[in-house]
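Beneath this line is the structure, given in structure tokens, with notes to follow.
Letters A, B, C and D mark the chains in the order given here, with residues in each chain numbered from 1 onward.
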């Protein structure tokens, strides 16, 4: 069902593992009473990294499922409406 | 150095642990070939949750360090410049 | 070249005229020394309104040019790369 | 009531006048059927310019009203709550 290739999946999982490490690092920073500005900088970095993962998934989704539905003229209206909905959420 | 109370830290760590779980969930979703739109929805949720953690840290930072520096007229210019810098990053 | 219908154009121009009025209102607010928080609230509203215009243009672009290029298998790779690029800018 | 200096006001009004021109330009682009991607690029630029105006107003607000309320221990809790509220809106 997913349009991600094996290599893309591997690459995304590596990125997400790194983000998971950052989130654990944030817990440590808070636990150890680190300076708030350093915590906020780290949060911005993690959000940025998550955004990049999202853009990669979106790219693959458009090049896979969306393109496919349009080519086959099969459910393309629904899939584009769904795509717009997810872009809307993503730009919040 | 941090201006977070013991209770605030505990609350933030609980939130971050939940986000950590979401990031692990994302790795599973990608590994299992879940639908891209569901992955993107989950990424938006995690970014939103991280933003909320950030706003709580920012609130505590302003009510603590920033307020303190201004009250004591000690380093308030630097701390406000640093604050603006972190808000700028945070709004990206 | 545009994929916007006559009705969509009219609707978008009405929205943009309203945003133009808000931007002029902002100049007045600043000139008259209005409270900064009210100015910031108005700026957030205008940015939100601009985002909505952008999402409508994006929707029309995907349903028009992008769909067309994919259907005709003509320049679809370039148009999707360009689309991802504009979504990336748009989510900043 | 505003914490903006005469020079800051002038600078902000110049910026807003430029943004107003961009918004009028957008209406023309839509009216003339310009390419959607060019319209979207222009919208992103205007939103970015509005964000910069907002950060300048926020900076002045923090260095003026917020600092003042804290120094005089007069209404600082309310003003910080209000500040957090406006930052929250601004990061949407």
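Note that in this section a residue touches a chain if its C-beta (ideal position, glycine included) is under 8 Å from a C-beta of that chain, and two chains touch if they have at least 3 such contacts.
As the structure is a computational prediction, the values presented were derived from the model and not from experiment.
Participant: Looking at C-alpha means, what's the farthest chain from chain C?
Facilitator: B
Participant: If I compare contact pairs by residue number, which of B-D, A-B or A-C overlaps with C-D on over half of them?
Facilitator: When the residue numbers line up for over half the pairs, the pair is A-B.
Participant: So how far apart, in whole Å, are chain A and chain B when each is placed at the average of its C-alpha atoms?
Facilitator: Taking the mean C-alpha position of each chain, the two centres sit 17 Å apart.
Participant: Taking each chain's centre as the mean of its CA atoms, how far is chain B from chain D in angstrom?
Facilitator: Result: the chain centres lie 23 Å from each other.
Participant: Measuring from the mean C-alpha position of chain A to the mean C-alpha position of chain D, what distance in angstrom results?
Facilitator: Those two chain centres are 28 Å apart.
Participant: What residues in chain A touch two or more of the other chains?
Facilitator: Residues 51, 58, 83, 90, 92 of chain A touch two or more partner chains.
Participant: May I ask you to sort the chain touch graph into line, ring, star, complete or other?
Facilitator: Contact pattern: a closed ring, each chain touching exactly two others.
Participant: Considering every pair of chains, which are in touch?
Facilitator: So the chains that touch one another pair up as A-B, A-C, B-D, C-D.
Participant: Give the list of chain A residues in touch with chain C in this complex.
Facilitator: Per the stated touch rule, the residues are 51, 55, 58-59, 62-63, 67, 70-71, 73, 76, 80, 83-84, 87-88, 90-91.
Participant: Hey, which residues of chain B end up touching chain A in the complex?
Facilitator: 1-4, 9, 12-13, 16-17, 19-20, 23-24, 26-27, 30-31, 33-37, 39-41, 43-44, 46-48, 50-51, 53-54, 57-58, 60-61, 64-65, 82-83, 86, 89-90, 92
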